[in-house]
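Sharing a structure, written as structure tokens. Questions coming.
Here the chain labels run A, B, C and D in written order, and each chain numbers its own residues starting at 1.
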Amino acid sequence: MDKFNVELAATIGRVKLKNPVLVAAGTFGYGEEYAKYVDLNKLGGLIAKTITLKPRKGNPPPRLTETPAGLLNSIGLENSGIDSFIEKNLPFLHNLKTALIVSIAGENEEDYLRLADRLGKEKCIHALEVNVSCPNVNSGSKMIGEEPELVFSLTRRLKEVSGLPFFIKLSAQIGRMVELSQAAREAGAEAVSLINSIPAMAIDVDKMCPKLGNVVGGLSGPAIRAIAVKIVWEVHSKVDIPIIGMGGIMSLEDALEFVLAGASAVAVGTANFIDPQVSLKIIDELEHYLYEKKIRSFSELVGKLKTGG
Amino acid sequence: MLHQQKIFSPAAENIRVKVLSNRCIKPGHFRLAFRVPVSFPEAVPGQFVHIKVGEGPVPLLRRPFSISNYTPGKIQIIYAVVGQGTKILSHAKRGDYLDMLGPAGKGFCICEEAKTHLLIGGGMGAAPLVFLARKILKKVKKDSSISVFLGFKTKQEIILKEEFAKNSIIGLQIATEDGSFGYRGLVSELFEDYLKKISSTSKFSIYACGPLQMLKTVARLSFDYDIFSQVSMEEIICCGVGACRGCVIKGTAGYMRVCQEGPVFDAKKISWS
Amino acid sequence: MDKFNVELAATIGRVKLKNPVLVAAGTFGYGEEYAKYVDLNKLGGLIAKTITLKPRKGNPPPRLTETPAGLLNSIGLENSGIDSFIEKNLPFLHNLKTALIVSIAGENEEDYLRLADRLGKEKCIHALEVNVSCPNVNSGSKMIGEEPELVFSLTRRLKEVSGLPFFIKLSAQIGRMVELSQAAREAGAEAVSLINSIPAMAIDVDKMCPKLGNVVGGLSGPAIRAIAVKIVWEVHSKVDIPIIGMGGIMSLEDALEFVLAGASAVAVGTANFIDPQVSLKIIDELEHYLYEKKIRSFSELVGKLKTGG
Amino acid sequence: MLHQQKIFSPAAENIRVKVLSNRCIKPGHFRLAFRVPVSFPEAVPGQFVHIKVGEGPVPLLRRPFSISNYTPGKIQIIYAVVGQGTKILSHAKRGDYLDMLGPAGKGFCICEEAKTHLLIGGGMGAAPLVFLARKILKKVKKDSSISVFLGFKTKQEIILKEEFAKNSIIGLQIATEDGSFGYRGLVSELFEDYLKKISSTSKFSIYACGPLQMLKTVARLSFDYDIFSQVSMEEIICCGVGACRGCVIKGTAGYMRVCQEGPVFDAKKISWS
């Protein structure tokens, strides 16, 4: 075989990534925390932890518990708010030589619009991930991510305030992922991020109380992978929108499941906690894999699942 | 009361380390030593290492252990087998490799002005105090004293007695809940009895590690007697680098991360209620 | 402490069980397969594998694959149909000294009604579990279990054809478990069975094809437990209907999570494959647990989760 | 062609068994023996045991292994380490306990009228054939012969050669894909070459175990030469008792359960396309 260069670049609508491996929102802080363990510039991109307009103190501890092959968290979007983000975190992120995607969340449409407006003015941001599915915020009312009409309306209006590409992040808690993704597409979203952690709960049977201070949390990690892959495949089959796939990716093999199912890029979440370098390892192995399989470009793999019929 | 000093947190690494030994020191308790590069940042007592046990997805997270001794090129931890992760770790053999992240978190600050160092440990909380006592002995002046108070459920569960006892400068007192050895009762009660007999607590400094209830009592006593006290806190540690905000405890000025602002905190900064 | 007798009996509406541990539909065949390994009479009850009107050959193999802490299956309701069930399986089940619950599924409302009508005439059946949420049947159209109105209408009509108690079995694939359970309650269902396996998928990245012949399957086992517990707790908090809790129960501790969250009884599924005797062990341990905790009656535990607020 | 006989499936048990030995017979390959009650149902070659490896939820399911020898009170299996489950199993030590369900499934029926018994094994498929050969030797008349054909990727992967070779009545031929030992090529090709040289195949009987592709070829040959053949099939085994219907393969008359109607099937009953 002739030696050839493998093309790792990935495309999510208007967003070009040097490779398809991102780190997922909330699992990599604002990059800086991991800077001494990982060469951040090698990542396909970094999705910064969700920020809100005002500071949020997050949920009462305990915020974490393990379940079989899973992690249950109820961080509750603890963050210092957008002003602090722009002042303290953005300068560091600004210097990174990789795609920066910032995750935003609000209590209502206006919050999201103001966040997008502010962030739209920052040069170094490549896209915004719109978190409409955090299982850890009990606002009482319905989440935007539960209703296709709300997703449509929010996305439409976001596009009016900012030219940035928007990724709409949805969760498996709703059996309507196709409808929701369709709404995102019709309103002009660049992509959908699938999936957020799944609402779940664990109980300390000795103390007869919930293991998490917030009672309910979001389940992530290998336990949810098969559920996430199914959602990615279903949305890819039925909706014409790029997908960023995530949920339990621990290895190249796991990442490829998402890609074959239809994800144009993947994000590594929980696995960062176990091995901060896991994303770089996946990128390395992906290059070898493509070379050995004689596939010239990563993008050829996207959605290449053979389903017989 | 002495002023709190800046707690020292050097750079950390995420590396594969080679197990030097992993010995059962008593049923269900192990002392594990592993090699680190000589260039490895100097660890401070109270800091921890975050170790990946096993290969599979169960258990998923790393497991944190206080450093019970550090010498250049070598780190030691002491742990009890309490669940699946520590059980797997107990099978590690000399020559095996472990994936370790550390030294992590902020350790105890040794109050150089203090004349009387009081170390209180409950159960496995004794582990980092061995390292701390060694450091205090090295750093502080000859005229200062170290008193160690350890508490266990029963005589059978006593660990690290010899490590402290072999140094004659250290005053060691042990409490067991069932009275099978030493003082009968909780170590916090033993400690309270001790304080009651003291005329002045000026230039005292308290360092404590153990169950929450013990730390609570020690903190209250430190406030009552106006002694600067540092406590080592526990929470489930996830990332261990301050990124996930999963390990928080309630402080007087908001949530604080055990893995970053702690595990050692000024007792005054913690919301004890 | 005085010695006292612990009361294990459980109540699901009109159905009385000698203890709260059932075996879940599809994971214990028709009992006979396990008879040489387990004293069936000690079970709280047996939920027989789902039967349909006509024989079904099920989905093409492979039908199983493992995921981290989970089992993915696409059996596809293989069964010999109701005639065969009544002739070949019921005589054996008839002799059991434990509650017999028969699971039924149909392609439309009429199927369910005919099944209920036929089975209503058999003396030895204590209740019917109405499977409206099998993730392995691709009928093309919407599943009854996806729409509250369909659940309501089906349950209503079932109650007209038979006096048997009905348990409506729902799945986590829908984020509308509360609405659906409410519909079941309003139409007079005796209970809801929560949860069925969750739609999921795994890919063989070497062959670039799905691991299951049917592409999609249902995820069960410890991986889904935290998701199931959350659903049980949510439905218990908001809907006044007895719940049979299931999803990843492997031990007494797991079973108690469901009970504390609000399940009046539990069903053991996937765990039977790993240890056929696991249900009997859970029953034994439950008795000891109650005794040690000085709880006189199992029913006192149901929904006893302390959530602070 | 001989008539198919009723394949024998005695009662099975689900018990804890004590490991007698677990020896590495070559890199990545182990022979494990465990004790069973003397009252344990007599196992038939081709039947399997279903073993719970490890304690945790990963791997979740039991793992099936063909019985490679049975004597009253003792069962032996031979296995290759291919994944997590077999890796865990390889750590079992003498004296450990395993949770075992078996003997499960239907085994080979030994055609007593046959004069020439042809055993074809690919890779680990050799394992049950050792037991089968022993049984045939015991059961059948002196004037009948046994020929064993084994196939492996390379010389390094050859297993169980000695077990067959030590019995002079057995004719043993080995194929390796790379030609590093014996016949160069697939064992099915070796077998076809053998059949081509035979004038009459009356009173022949075929028993085969190995990869699907090999079984396919053997089945086709058995049809061409009109020889009764039995093949041992693989699928993921879940319950192992016929309850879940997860282990089915396609038969000419519908799906058949590998754990119940199989793993040994009359080759004619399988849908090979």
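As a working rule, a residue touches a chain if its C-beta (ideal position, glycine included) is under 8 Å from a C-beta of that chain, and two chains touch if they have at least 3 such contacts.
Note that the structure is a prediction, hence the values are computed from the model and not measured.
Graph distance from chain B to chain D, where chains that touch are one step apart, equals 1. Rounded to whole angstrom, the centroid-to-centroid distance between chain C and chain D, based on C-alpha atoms, equals 37 Å.
Here the CA centre of chain A is 48 Å from the CA centre of chain D. Among all residues of chain D, those that touch two or more other chains are 56-58.
Residues of chain A in contact with at least two other chains: 68-70, 221-223.
If you sketch which chains touch which, every chain touches every other chain without exception. Every residue of chain A that touches chain D in the complex is listed here, in rising order: 68-69. Listing the residues of chain D that touch chain A in their complex gives 56-58. Contact residues on chain A toward chain B in their complex (touch as defined above): 26-29, 33-34, 36-37, 49, 57-58, 60-66, 68-71, 73, 75, 78, 221-223, 250, 270, 272-277.
Across the complex, chain B meets chain A through its residues 11-14, 52, 57-62, 99, 101, 235-236, 238-250, 254-255. Those residues of chain C that touch chain A in the complex are listed here as 67-70, 72, 146, 173-176, 198-203, 205, 207-210, 215-216, 219, 221-227, 229-230, 233, 248, 253, 256-257, 260-261, 304-308.
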